[in-house]
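Both complexes below contain chain A, partnered by chain B and then by chain C.
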Partner chain A sequence: MRFRDIRLDDLLRNKASFLGLVIIGILAFTAIAADFIAPYDPNKIELDEKLKPPSSEHIFGTDQLGRDQLSRVIHGTQTTFKLSLIIVTITASFGVFIGITAGYFGGFIDEILMRLIDVLLAFPSIILALVIIGSLGPGILNTVIAISLVGWLYYARVARASTLSIKEKEYIEGARAMGCSEMYICTHYILPNCLPPIIVLVTLNMGGVILTIASLGFLGLGAQPPTPEWGTMLNEGREFLRDCPWLSVVPGALIMISVLAFNFIGDGLRDILDPRQQVIK
Partner chain B sequence: MLEIILKRIGMFILVVIASTALVFFMLHSLPGESAEVMAKYIFLGNVELTPSNEAIDIIKEKYDLEKPLFSQYVTWVWNAIHGNMGTSYQTNSPVTEEILIRLPATITLAFVSILLSLLIGIPAGIIAAVKQNSFTDYFCSTISVLGISIPSFWLAILLIYVFSYTLGLTPTMGYGDFKSLILPAVSLGTPASAVIARLMRSSMLEVMRQDYIRTAIGKGLSYRMVILRHALKNTFIPVITIIGLEFGHLLGGTVIIETIFAWPGIGRLLITSITARDIPVIQGCIVFITITYLVINFITDISYSYLDPRIGRSKH
Partner chain C sequence: MLEVRDIKKTFSKGLVHKKYLRAVDGISFTIGEKETFGLVGESGCGKTTVGRLILRLMEPDSGDVVFNGTNITGLKKQDLRKIRPKMQILFQDADSSLHPRMRIWESVAEPLKLYDLVPESDIRKKVLELLEMVGLQKEHLNRYPHELSGGQNQRVVLARVLALRPQFIVADEPTSALDVSVQAQILSLMNEMQQKYGFSCLFISHDLGVIRKMTSIMGVMYLGKLVETGRTEDVFENPKHPYTQALIASGRVAGLDNEQKASPIEGEMPDPMNPPSGCKFHTRCPQKMDLCEKIAPELNNVGTGKVACHLF
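Up next is the complex of A and B:
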C-alpha cells in the first residue's frame, strides 16, 4: 500500500473515522478561530460573577475567578492543538530521520541508536516525561521538551522497520544503478514509501500526546495558570467539584472527545492500510 | 531455555544500569541549581528565600557536588546497592525509608486495579469475539474505545462526583479500608481493561481462524469445549505481553490517581518531590518504578517464551 493509495473517500466510508474527522474538523476550526468565536476574554476576571452555573449568558458557567468557562475552553482547544501539533511535528520528523538513517545505513550507528531506544523504552512513558520535568521544572516549554524527548522513539522504530524492508526492494537497486546518491534515495524513495504507517502512528499518537499534555497540566507540572489549558482547568475546577461540577465536566469531556476522535481516525486508517486486520475486525 | 534466560538476565542488568545512569545524569545536569535548592531547605527551611553563597558552598562540599558527575553516579550506585539512596531535602529522612513506607499503598492499588482490569477485560474480549458482529460485540467494542480514550483523572473526578458527593457511598480520598480503595482502583483499572478487552478480542478472532480450531470443531468437540480448551490458551500469549505493558502504564497512572485521592503511595511522593525539586527522592522514586517495570517485563518475557516455545527458538 502506497501513500497515494490512502484515499479520503475510503476513510469517509468508515462511520467511526468519518465522525472522527468531523470532530477534529470542528475542534481545529475552534482552535484557529478561537479569538473570534470566544464570547469573552478568557482571562478577564469578574469576581461578582464567580462560580455561576451554566446560563444563557455563560453557556458553561463561570469559574472561581468569574472567567467565562466557554471562552476558556475554546482557548484551551487552541493551547492543546497548538502544543500537540508542535510536539507531533518535532517527534515525527526527528524519529523518521533517525529511523531511516539507522535502517538504511545499518551497522554501528544502527546498533547504538537501537540500544538507546531500548533503554528509553524501558521507562513507562509518563515517568520519563516526569524525570525531564523534574530536572527542568514545570511549564509549557518544558512540557513540549519532555513529551518530544520521549515521543520520537516509536516513530524511529516504525521508520527503521519499514526502511529495512524497503531497502531490499528492486527499485532501490534500480535507483542506485542509475547513480542516485544515498541522500537522494533516502529522501525520494525510502521516505515516501515508509510514510503510510507513520501517518497511522501520527493520528494515534495525537490522542496520546493530548492526554499527556492534559495529565501534566492536571498535575500542575504543565501549562501554568492562568493559561487556559484543559488539564490545568480540570485541576483548578476539582476544588469546586461538589458545588460546581461543570468546571470539571466540560474540560474533561473535551479531552476525551478529541482523544476519541483521533483514535477513530487512526483505527480507520489502519484498516485501510492493513487489509488483513480488516478481516479480523 | 536456560541460555535464553541467562541472555535475558544479561540484557536486563544492562538496561537497569543504563536507565539509572540516564535518570541520574538528567536530574544532576543542573548542579548549581540543585545545591541552591538544597541550601534553601537545609539552612533556611524555606524555598522562597535566597541562600547565601557560603551556604551553597557548604552544601556542595557536604554532598560532593563539586566532584565530576560520573564519580557521583558511581558513589550513588554503590550506596543504592547497600540500600542507601540518600536523604530527602524536605524531611531529612532516608529516601529508602520514604519509599518503603509508601510501598504497600501503591502495591495494593496497582494489584487490585490490574486484577479488576483482567476480570472485566478478559471475559468482555472473549464474549465480543465469540459473538462477533452481534449487538454484544458492538456494545463491548464501543465501551472499550470509550475506555481507551477516557482520561483516568477525569474518570476519577466523575466517579467522585457521582459516588461520593451525590450518592455518598464512598470516601472522596484517604487510605485504609476497602471502601476507599474502590474509586481509585476503578479509575485506574477501567482504561487498562479496555485495552485488554480489545486485544483479547482481536487475538481470539485470529486464533479462531487457525486450522487446529477447524480440526477441533471438525472432530466433533462442542463449541464451548473448543473455546475453553483450544482457543483460550493460544489467545493468552499476546495478552500476557500486553498485561506486562499495561502494568507499566498503571505504574505511571498511579502517579495521577494517587494525587487525586490523596493515596499515600509512591506516585504521590514523586509528584510532591517534583514540585519541591527534592532530587534524591525524585531519583529514588523513578529508579524504583523503572526497576519494578523492568522486572515485570522480564518476567513477562520469560513466561512468554515458556508458554510459546516457538518464540524463544526463533531468536537464535
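Up next is the complex of A and C:
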C-alpha cells in the first residue's frame, strides 16, 4: 500500500474537511491574535456590570464577576489551542519514537513495549488521567503531564504497524546494503514513510485532547480560575445556568464546534489516504 | 575476489512444534575479478537467500564469505559498514527499491553524501552525470519513483549503486519484473557498466536465457544445494546433472540445440520443510537409482565443472 502525498487542494475539495479547515483557521487566528482582538481584559473585574445579558457592549454578556465573556472566550481559545498543541506534539513524537523502535528492532523490546501499551489501553484514558492528576494535584502543567502520559499509546501502535510493513520493503534492504546506520534508516527511511497515517491520527486526536482538557477543567482539575479556559468557564457558568445561560452555552458550543471541525479534517484526510478512494477517481 | 565457503541458513517456524527450512544448505563457489557468476534455479530453491547471506543482509548460520581476503562473516558492525559500499545489490522490484518520498536526484545523491564522495557543490553535477550514464535525462531529476517506469527505476537504482563504485554487485533477478524489450536494454546496460567499472557480479535468475547471455560461469541450485557448476558455455552445451538437463529441456531457451534428449521436469518441487532423503532431486529424477534415496551425493569434479550426482 503506497500512501499518496496529502495535498491541500484534495482537502479543500471535500466539503466537510473544507468546513473543518475554515473553522480551525478562524479559531487558530483567534488564539494567536487573542491579545489584539479581545475587546476587554479577560480578567478585569467590574462588579457593577456582573451577569449582564448579551448586548452591543458585551456581545456574549458578562459573568458573575462582571468580566467580559467574549474576551474570556477568546483567551480561552488561546489556552485550549496552546495546551492541545503542546500535548499532541509531545504524545505524537514520543509515541512515534516508541512505535518505530518497537517495530524496527522487533523481538524482546517490541514484546515488552506492546504488552505495556496493552495494559495501559485497558484503562479508559480519562480515568487514568484523573488518577494521575489526583496524585499530582490540579493545574495546567499537570493536565499536560496527565494527558500526555496516556496519549502516546495510539501513536505508538500506528507507528509500529506502519514500520512493520515498511521495513520489509526492498529500499530498506538497499539502504542497509549501502551501509546506512540503523539510526539513519529509522529517521530517513522509516519515519517519513510512516507519517501519513500519523497525520490523520494527529487531527483526529486534537479533537479528543481538546475535549479531555475541557473535561478536566470542568471537573476543576485542569486550568484553575481565573485562567480563562472553556471547561473551567463551563463549570463556573453552571451555577447560573437558569438565569444566565450564555455563560455556559458559549464555551460549550465552542468546545463542540472545535472538536467537530478537527474530526471533519481527520475524516477528510482519511478518505484521501484511503486506497479505495484512489481507484474511483 | 569473492569466495563463498559452505554457507548455511536455516529458517524456523512455529514456537512449540518447530519446523525447519534449510533455505541454503552448504553452498560454496568463487567469483573472480570482473567475472559474473550466474545462479539459476526454480523459485524457492534459496538463490535469493544466498545473495542476502553474502551481503550479510541476513546472518548465515555457518560458513564463510571471503571478500578480497577479508572474512565478512566474522566482522563487527562498524567494520562491516566500511566494506558495505564495496558490495551492492540490485533487486527484482525496482519500484520498491527506491525511497518513495525521495526525488530521483536525492536518491542518487544519497550515497555520495553518505560517504562524502564528491564535494557538496558538485553533487548535482555528479548526479546528472551518473543518470546520463545510465540513459536518463535531466528531466527525470525532480521526479518521484512512482512517476517513472520499472525500467527507468532500475536504471536509477543502478546509478545509485554505481555512485559508490562497488567491486561486487549481487543482481537478484534485476530484470524479471520488466517486459522483454526493457529487459534487453537493462541487461546490455549492465554489461556496459561492468566493462566500464569492472565489478564482479553474482547474477541470480530463473531465466536460463538471461543467465546464458550475462554470465561466464554458473551454478544450478536445487532445494538449497548446488547440483552443478561450471563454465556457462559448457553447462549449456553439455549439461550433466539430470536436473540441469531437465531445466534446459524445459524449453526456456528457444533455439537451443540440445542433443541430450532429456524430458522436461515433471512434478512439483518437494516441500522444502520436509525435503526428501539422500539426493533431494530423486523424487523427480528420471535416472533414479536405489543409492539416490539413501546417500546425498557430493559435488565432484566432472570434466570442466562440478556435479553432485551418483551417475558420475
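One rule holds in what follows: the second predicted complex is superposed on the first by the 271 of 281 C-alpha atoms of A that agree within 3 Å, B and C clash if a C-alpha of one lies under 4 Å from a C-alpha of the other, contacts with A are read in each partner's own complex, and residues count from 1 in each chain.
Here is the rule we go by: a residue touches a chain if its C-beta (ideal position, glycine included) is under 8 Å from a C-beta of that chain, and two chains touch if they have at least 3 such contacts.
Being a predicted model, the structure only gives us computed values, none of them experimental.
When the shared chain is aligned, chain C comes close enough to touch A:P192, but chain B does not. By the touch criterion stated above, A:I126 is placed in contact with chain B alone, chain C being left untouched. Of the two partner chains placed by superposition, A:M183 touches none, neither chain B nor chain C. When chain B and chain C are set side by side, the one touching more residues of chain A is B.
By the touch criterion stated above, A:L47 is placed in contact with neither chain B nor chain C. When the two complexes are overlaid on their common chain A, residue A:E173 makes contact with chain C while staying clear of chain B. The touching residues of chain C, counted against chain A in their complex, run 52, 55, 57, 81-82, 84-85, 87-89, 91-93, 96-101, 110-111, 114-115, 146, 157, 164. The part of chain A that touches chain C in the complex is made up of residues 2, 5, 169-171, 173-181, 188-189, 192-193. Residues 15, 18-19, 22-23, 26-27, 29-30, 145-146, 148-151, 153-154, 157-158, 160-161, 165, 202, 205-206, 248-249, 251-253, 255-256, 259-260, 270-271, 273-275, 277, 279, 282, 286, 289-290, 293-294, 297 of chain B touch chain A in their complex.
By the touch criterion given at the top, residues 16, 115, 118-120, 122-127, 130-135, 137-138, 207, 211, 214-215, 218-221, 234, 238, 241-242, 245, 248-249, 252-253, 255-256, 259-260, 263-264, 267, 277, 280-281 of chain A touch chain B in their complex.
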